[in-house]
Amino acid sequence: MSSIVRADGRATDQLREITIERGWSAHAEGSALISFGGTKVLCTASFTNGVPRWLTGKGKGWVTAEYAMLPRATNSRNDRESVKGRIGGRTHEISRLIGRALRAVVDTKALGENTIVIDCDVLQADGGTRTAAITGAYVALADAIEWGREKKFIGKNSKPLLDSVAAVSVGIIDGEPMLDLAYVEDVRAETDMNVVVTGRGLFVEVQGTAEGAPFDKRELDALLDLGVAGCADLKDLQLKALDPSTGSGIQR
Amino acid sequence: MSSIVRADGRATDQLREITIERGWSAHAEGSALISFGGTKVLCTASFTNGVPRWLTGKGKGWVTAEYAMLPRATNSRNDRESVKGRIGGRTHEISRLIGRALRAVVDTKALGENTIVIDCDVLQADGGTRTAAITGAYVALADAIEWGREKKFIGKNSKPLLDSVAAVSVGIIDGEPMLDLAYVEDVRAETDMNVVVTGRGLFVEVQGTAEGAPFDKRELDALLDLGVAGCADLKDLQLKALDPSTGSGIQR
Amino acid sequence: MSSIVRADGRATDQLREITIERGWSAHAEGSALISFGGTKVLCTASFTNGVPRWLTGKGKGWVTAEYAMLPRATNSRNDRESVKGRIGGRTHEISRLIGRALRAVVDTKALGENTIVIDCDVLQADGGTRTAAITGAYVALADAIEWGREKKFIGKNSKPLLDSVAAVSVGIIDGEPMLDLAYVEDVRAETDMNVVVTGRGLFVEVQGTAEGAPFDKRELDALLDLGVAGCADLKDLQLKALDPSTGSGIQR
Amino acid sequence: MSSIVRADGRATDQLREITIERGWSAHAEGSALISFGGTKVLCTASFTNGVPRWLTGKGKGWVTAEYAMLPRATNSRNDRESVKGRIGGRTHEISRLIGRALRAVVDTKALGENTIVIDCDVLQADGGTRTAAITGAYVALADAIEWGREKKFIGKNSKPLLDSVAAVSVGIIDGEPMLDLAYVEDVRAETDMNVVVTGRGLFVEVQGTAEGAPFDKRELDALLDLGVAGCADLKDLQLKALDPSTGSGIQR
Amino acid sequence: MSSIVRADGRATDQLREITIERGWSAHAEGSALISFGGTKVLCTASFTNGVPRWLTGKGKGWVTAEYAMLPRATNSRNDRESVKGRIGGRTHEISRLIGRALRAVVDTKALGENTIVIDCDVLQADGGTRTAAITGAYVALADAIEWGREKKFIGKNSKPLLDSVAAVSVGIIDGEPMLDLAYVEDVRAETDMNVVVTGRGLFVEVQGTAEGAPFDKRELDALLDLGVAGCADLKDLQLKALDPSTGSGIQR
Amino acid sequence: MSSIVRADGRATDQLREITIERGWSAHAEGSALISFGGTKVLCTASFTNGVPRWLTGKGKGWVTAEYAMLPRATNSRNDRESVKGRIGGRTHEISRLIGRALRAVVDTKALGENTIVIDCDVLQADGGTRTAAITGAYVALADAIEWGREKKFIGKNSKPLLDSVAAVSVGIIDGEPMLDLAYVEDVRAETDMNVVVTGRGLFVEVQGTAEGAPFDKRELDALLDLGVAGCADLKDLQLKALDPSTGSGIQR
């Protein structure tokens, strides 16, 4: 990588400091308070035996996610979506992204007729909230599944988790590809991309957007390489956070 | 007080463990993460120079508050009010209570044409969320006012804070008045009361409700006494949390 | 009480002229058009055999209330909440208060699996709308219960009404405690309190708010005394309005 | 007309008992509580100096209307539109009809840049609520205009009222055209029509609907004749309700 | 008729060019893209076996309609009702009118327990959108019923269509009654009327409104005559559009 | 490419039949009815002189887009979002995507303080509605800009269009990468990707999602190659649709 040093002293291919407080919530079946530098997201997984009516009797479970931001998570205050009476497009979009990312590593047949709702609430925002949310949500999800197994809602030999999943943002700033953008970097990026990658290194989701000038294949490839490497580092942190003795519930 | 010992080992007139993490938020002008036992509320105060249009030109400031709960703050998950598209009556009621409690100790003339919005988001709930919110909100408010003074939005000699304010719940369980009810106590209480008291020991708000049988004047008096004593303890904790060298912004 | 004479010539401990037109509505199972001076509230009670799904099979009934104001009940016109598409916090708060007040005197087991919905619509407002609503709602409720008994939805020996209930506002103006505030008094009150009291003189709800300066225990006691005495007068008027020969449905 | 006698003893061309309590509201600039038999509608007219922004500077006034029903105005309770969060099609349709009917007799130039909002709230419903609303709204409107003249918001020589306006329902039941249908008649009508007619006997609005079989021109003519005659009777009652000495504000 | 020539060269009693593209939609059970001059409305009929819960078990079907306009159907862009979060009064009113018009020619017993939802979406507007919608909706409805018969959801001998139905606008401009008003005519009309007429020439709905001065019986009669004649022409075009060999499903 | 033949006879790298009816709307400043096989989208561009308040005075224009689907565009009917009172996440997501895609080729400085709102309404859906919408929207946009230039809202020498833009879907079915998926293909795709590419062949947006198994870099590359080639074909069709003599407004 290049010898450029970023505002916070990081190398271009370096993650911010990542912390994962597993089991933060006293009530949820799985939870994690994750931080990517100044970005802090509380992820809870709520396990319910049973599925929505439209899935009943199909022998399959359901995993869904909701994302939201506290009004003063950001530098200036945003009105609450509950007060506005409607959810914004950005919120919808990110909630859907998180749900898809998690479902990509869940075998819903093995989950049985159980529902897991993931809530990702951004307590403080400094760029990369959706990728922190996905990365933390995986930890909460793994614990909720373990909880379901202990409560015998999930069969002893069922392995609902096919793999782990993590996400990170990458972007091009002043022509230079960089990993895990903080807010001040994000607003300057010409191209902005989020990659969601499984523990085995396969893509679940690739979303790249030209914020400034359109980008070419070479730039796209550089960003993808950075993102895949970043997600591999995140995977290690996720596995460390999950108690190794329980095997973290991932099917191998 | 009686020799009854409560489920968590407290005396009837004893608060739960109270912690106040002042300045939790990197962005807000004032903030505190307060816990009353298992109840955790993030309080932020957002300072804006200027007032809503209906107040413009009257030489007065404005303080308002919004309360909300994360969906999995409670033992089972509640749907988000943003998703339901409407704010429930309980949320409205508590938001209004917090705003009134804070305005009771603010001299809006001394505040000048500035607006402070307090957000109280319950991250985890175990009874007494509204009283924890008021108690923590005061700390956030004091810091936001101090911030406004430093930024010269508030005059050097203005003293917008007339007093401090704290709140606590009290209730009668099995005929016994008790201070600071945890959730398991709250659901069993025959009478439930919230008292909001200033640092000088005066009432700002008294809200008592017969959940079971109606109550008489003697019971009401016992509850009020407990509440006033509890708020005095909370005042000490608030002042300790606020940096004494800055004088915490309270007018004396 | 003091020798102060109020704007409308009343003594400080005197109610405004109270009228109760029982059975105003041709359709409702119970109804009353109540006036506290210039405040006029139409209270209807709608009786339905059966309960909401979440209560089914528990052998208990349900009583709930909704409060609203006509757009030109007040001195200047307010936009309709139906047009705004959302119910304001004040409306929610008062609806919940009325429901709690009525449920405090209802034995839901004795009511059986029946639902009574109370609607309190303010046709004209001059202060004390919520207390007039509670006082009138009790009359409508008593008649609806009587109707249910006649139709055999309620057992012959069941006594769903444990007591009567009434409410009145009290406040401190220029340092003087006063009963049943008219609007011009209400806006000047330093402390404003609503008390809900049963026919036997016990408290169901006490809600006191410092609108101006915080208040002390002595002031609180003076207000409570005034309120209890006012509610006793209102009880007499309620019983007079209800046909004595039917026994008004109250359990004795 | 035929010798048929209706359920309530009326002749086919006879109105129900009509009462108009002019000035019912203590607050509104004009008001009337009108009853057509068991149908009772409270009509208030709120006068504001000034017009909505889109009309500003055009030298013209604005008259608009809103119609609503109390939840227990009808035989069984309807959920509040404020609670449902949306206004139903029927409510919208009737509000628009009332507004058009009143604007047809108002010279908005003569009204000057003033706004009059008419609220018609059905307190009790027994058929013909929209026609009672229009008929009562005219009385409220006339008084509000008189109020505006007294307050000098309307010029001394301006005559904003071009004519009076009234409305009535007509319908065919068992092949027989009938005037002013009560609810039990309305549900049986094969054809249902509302006619809005000025004091001079001209049509402002004709709305006829085949509820059962389609109708022919002869039936339509019979209904129109009945409606015009009924509106002439209503005009007399309106003028009687309005104080003759003030001239009722109608331009002659 | 008069020798007046209109802006587009038509005689006062002449329809605009009418085209009906039957079966425009690949998915709907019945559909028609209808144009009245520059007004283009896409009408689809969606057939579902079964009825809403409130109709279940009564042996009757249900026909309902929804009307809407694309945001740039008109000369200047209107905000979407989905974005505003509420449906306007005009939309509600027209949807209800279309539904009533179609139900007037449907024998719901013969339809059996089937539901047909008609959607009328205005792609381009130039006056008369509601009348074009009704006229086109009939064609879509007839085809959907035919589809239901082929699929055996409707019995072989059942004749759910009692008659055809069409609609047209008429109005008085400069004192002259005119048929099928284009937008530039509509805004100038003193009186505006929509008539809905069956194939046999009977009225289903008559809605006349004085936009300027009130109108008299003679004018009303002239408009009705024009409208009935216009609907007779539209009936011929409808029948031509519907494949004559299938008999168009109308009961004779 | 492979020799696989698809359900509709296409080669794997072949677009469906594409038609672009430029200028479909009589009212909009730019418009196109575009079809990708059975997918038909009406795109209109509404030009307004001036910008939203938050942009005023910055010398820049604004381009935004809204996407929606008629209720019966699909195989079974969907409830209208206007009736549901809220816009779904998918609608929001696609509207935002279209807006970003168009803004990527617009020089908002050169556009001047003008606003262009693009509406993309799906009249009939058969897969790829968002990519058809982007491709058609560009044509409507180009014409609206030309209109603005003719009306002198845009300076004679300003070149607001930096490039053209088109979009297409690609996916992997049975392990085979395919271009421009029809609905029956879309539901079977393991990986689904939408690519938005400028006329010069650069990426504006890349959105790939693993619907089934996660995908690797080799598959991603194959899809990107297909998408870029498809967009090049679409560019040719766009330029052909736009009148070559006007130069289509693109800056070269």
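Read from first to last, the chains carry the letters A, B, C, D, E and F; within each, the first residue is number 1.
By definition in this document, a residue touches a chain if its C-beta (ideal position, glycine included) is under 8 Å from a C-beta of that chain, and two chains touch if they have at least 3 such contacts.
The structure displayed is predicted, hence computed values, not measured ones.
Colleague: Starting from the defined contact criterion, work out which chains touch chain A and chain C both, please.
Modeller: Where chain A and chain C share a partner, that partner set is B.
Colleague: By CA centroid distance, what chain is farthest from chain C?
Modeller: Relative to chain C, the chain whose C-alpha centre sits farthest away is F.
Colleague: Looking at C-alpha means, what's the farthest chain from chain D?
Modeller: Relative to chain D, the chain with the farthest C-alpha centre is A.
Colleague: By residue number, over half of the contact pairs should agree; on that basis which option among E-F, C-D or B-C is the same interface as A-F?
Modeller: The A-F interface is reproduced by B-C.
Colleague: Can you work out the whole-Å distance between the CA centroids of chain D and chain E?
Modeller: Here the centre of chain E sits 29 Å away from the centre of chain D.
Colleague: Take the average of all CA coordinates in chain B, do the same for chain E, and state the distance between these two points in whole angstrom.
Modeller: 60
Colleague: Go ahead and note the Å separation of the Cα centroids belonging to chain A and chain B.
Modeller: The answer is 34 Å.
Colleague: Which chain F residues sit where two or more other chains touch them?
Modeller: Residue numbers touching two or more other chains: 85-87.
Colleague: If every chain is a node and every touching pair an edge, decide which shape results: line, ring, star, complete or other.
Modeller: Here the contact pattern is a ring, one closed loop where every chain has two partners.
Colleague: What sequence of chains forms the ring when you start at chain B and head for chain C?
Modeller: B, C, D, E, F, A
Colleague: Report the residues of chain C in contact with chain D in the complex, numbered from low to high.
Modeller: Residues of chain C touching chain D: 25-28, 31, 38, 42, 44, 46, 48, 66, 68, 70-77, 80-83, 85-87, 91, 117, 119, 121, 123-124, 126.
Colleague: For chain A, which residues are in contact with chain F within the complex?
Modeller: 86-90, 92-93, 95-96, 100, 104, 163, 193, 198, 200, 202-210, 213-217, 220, 224
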